[in-house]
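We just call them A, B, C and D in the order they show up, numbering each chain from 1.
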Amino acid sequence: MINKICESLRAAVADIEDGSVVMIGGFGNSGIPMQLIEALRLHGARELTIISNNAGTAEEGIASLLRDRLVRKMVCSFPRSSGSIWFERLYEEGKIELELVPQGTLAERIRAAGAGLGGVYTPTGYGTRLAEGKETKVINGKGYVLETAMPADVALIKAHRGDAWGNLIYNTAGRNFNPIMATAARITIAEVNAVVEVGELDPEHVVTPGIFVDRVVVQKVQQHDAA
Amino acid sequence: MMRLNRNEMASRVAQDIPDGAYVNLGIGMPTSVANYVSDDKQVIYQSENGILGVGPAPEPDKIDPDLINAGKQYVTLLKGGCYFDNAESFAMMRGGHLDIAVLGAFQVSATGDLANWATNDDKFPPAVGGAMDLAVGAKQLFVLMRHTTKTNEPKILEQCEYPLTGAGVVKRIYTDLAVIDVTDEGLRVRELYGDNTLAEVQALTAATLLPPL
Amino acid sequence: MINKICESLRAAVADIEDGSVVMIGGFGNSGIPMQLIEALRLHGARELTIISNNAGTAEEGIASLLRDRLVRKMVCSFPRSSGSIWFERLYEEGKIELELVPQGTLAERIRAAGAGLGGVYTPTGYGTRLAEGKETKVINGKGYVLETAMPADVALIKAHRGDAWGNLIYNTAGRNFNPIMATAARITIAEVNAVVEVGELDPEHVVTPGIFVDRVVVQKVQQHDAA
Amino acid sequence: MMRLNRNEMASRVAQDIPDGAYVNLGIGMPTSVANYVSDDKQVIYQSENGILGVGPAPEPDKIDPDLINAGKQYVTLLKGGCYFDNAESFAMMRGGHLDIAVLGAFQVSATGDLANWATNDDKFPPAVGGAMDLAVGAKQLFVLMRHTTKTNEPKILEQCEYPLTGAGVVKRIYTDLAVIDVTDEGLRVRELYGDNTLAEVQALTAATLLPPL
């Protein structure tokens, strides 16, 4: 029987090694696998490369990994949200490497990895500093930049519902990078609000087919929710 | 000279958004354009994080924490709207499906180069977000910005001094002084607010302006 | 008010010109916009390039366009289904041009056009006859073929339900090429089984956002259905 | 010599499909492999036209005309299955997400080259479908074919004579005579059916076979 449900957050991240490349879903504070990130922080893997649209704010999520000095490199489009104090501090101190990628290019590079493509030619960034050192090509009179596939060792994603086969659906704009990251990592781990029976998700409505997901772990009820 | 305030500037752009248009509004002043589009027009707003049909801010008790716009503000969804992932959202933006994008800018050049993602100050970490994709993708790119910096330096220049977001991408510039089209002949003033004269506006512009047709 | 509902099949295809590049959704006999194809045949535009996975069977669908000699070129992955008699006849007579594209490459080239990409590097076809004359590149030790974006003038697609904003959902495997073709043409025309009110489709379940669709036309009840 | 019939060949492949595997079965004989996977294994079948979790043929009164497999046969969907478009389907295939693909072949070379989409006969129009994507994408590619042509010509050769589907892609060959692994050392016989000898099978093979380990 296929059963991808993982009993604990800790077990779900236990095999993430030092030096791993980890994708983390989310946009702003929407659709972030907060509890998986906390489990990863407690697990304590170091020298991580984090691929995510933002770099966390305050002491939460990715910011907590930065604060604990677990991250060697950030790959993102917008690391400087208001309140991204830990990223800004490490950046100023020269303690973190940054690969800045336009958001749509980030999405395509992630998708390319999941789809087995070597790379794509995008018009985004052509003629700008972010294309410096990259191959370019004029196709039908328009300039494009070659952007290569960006795979990961692990993807931590956030979904609304999941089942034992790994099928996932999302909540509103919490979808964002989660479905494409699910396809691009060797191991994809999904934090869900609740698990449903196999067959309960309408086959027309599944957003991430289970084949892309290795582990599904349900959120622990937060203390203040339980009170 | 007549200088529009922020609301008047947003309102001026709103006049030029046609009924039925698909529009992406950048973070900051551009976002407020939606407040001034008249009710007899149906305009569909896209948000880069995967929303088509963005509605107004929710009642405080109706907030969905996942339902935010690109500026990280809580929003709602209109009837007929839908959600999708970032790959599809940027396919929509890059693929020429949006009729209009309205973005802020640090600088715009005489040939429509846009600089709005980085200054030459290396102290802060750079951030680009979706600006470069919008710049190359939308059918028409409108810039909405003050005509000059706070210290009265021109923001419309022969060449941008700041790093480019996109080359030759701007179609029209809405400032607090005038509306200017980027044309093959150069920067052509489309509208001067109040009694502003071409000479007055030219004096605050570091690129040649052509008179209104 | 946005209203993309088109009153008749004939009106929906009336501006398709001679020489147009026309994408047609479907796989086998699943998810084919049969009534739009018939309307196109009656409209009579000639010298068409048709992009579709298959080349029609018997006297139906694309086969009827071939029979009426309206097609100059076929772009497809599998033109030789059992019963593709008209394609085979024209091919044998040298009366039709064929561009054979592996199915996944066809999908990516269509998607690339819709997504504003210049092209993609795919491993598919590397070292085979179908890559002859194409640029190749070794990325991280693996060989890839450059496949460029494939846009169209018109896409004729088939969906299950549609609304006045152009939002679409599909029926089971009838989805196939329809959603990507919807993104890749200047004019996208959807044949639907039924039109629903705007707001009736759940925003989480919409497969093709209305922005990609220009016209929605409802199927006429077939004579034998009405009997 | 012992020659398996079609059903026995399909059954032999089915034995090697592990519980929980994601599998794509090619058109023709490979499709029938599903009939022989034992009920205590849960195997999820993918179909290139956008189905994960393909189930058996429907009752005649339960046919959905849109719900077909790659071979254009009516199928059903298992509980837990889902639908997606062709771009996602081939992303799944090309991106290495399928554990096993089983394909038929005209010819296989000593280095695992696969030829299964075209002969050298130019009379018929060529057709390739999804074969090339599956060939490069699946984690393991199994070929299921008769050991020789109807006229007893070998189909396992030093070099394929027919146009390639993919170079160096085949992992294992299941024929009616034997099971053969494509290894770095060459073609290694894994299993000989019945009393078939290496010499007998070698005589019908135009590439060197290594003995079972």
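Everything that follows uses one rule, which is that a contact is a pair of C-beta atoms (placed from the backbone, for glycine too) under 8 Å apart; a residue touches a chain by one contact, two chains touch by 3 or more.
It should be emphasised that the depicted structure is a prediction, and the values quoted were computed from it without experimental measurement.
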Distance between the CA centroids of chain B and chain D (whole Å) is 54
Between the Cα centroids of chain A and chain B the separation in whole angstrom comes to 29
How many Å are there between the centre of chain A and the centre of chain C, using C-alpha atoms for each centre?
33
By the touch rule stated above, which residues of chain B touch at least two different other chains?
77, 83-84, 87, 90, 93-94, 136-137
Could you pull out the residues of chain C that touch at least 2 other chains?
108, 111, 115-117, 122-123, 170, 172, 203-204
Topology of the chain contact graph, where touching chains are joined (line, ring, star, complete, other)
other
Pairwise chain contacts under the document criterion
A-B, A-C, A-D, B-C, C-D
Chain B residues within the chain A interface of the complex
47-51, 64-68, 72, 77, 83-87, 89-90, 93-94, 118, 123-133, 136-137, 163-167
So in the complex, the part of chain C that touches chain D is made up of which residues?
27-31, 53, 77-81, 87-88, 91-92, 98, 100-108, 110-111, 122-130, 170-180, 207
Contacts from chain D onto chain A in the complex sit at residues 20, 22, 42, 44, 46, 52-53, 77, 79-84, 87-88, 90-98, 136-137
For chain A, which residues count as touching chain D in their complex?
1-2, 111, 113-117, 163-165, 167, 183, 198-199, 201, 203-204, 206, 209-212
Contact set on chain A toward chain C in their complex
108, 112, 115-123, 137, 139-140, 142, 144, 148-149, 169-170, 172, 202-205
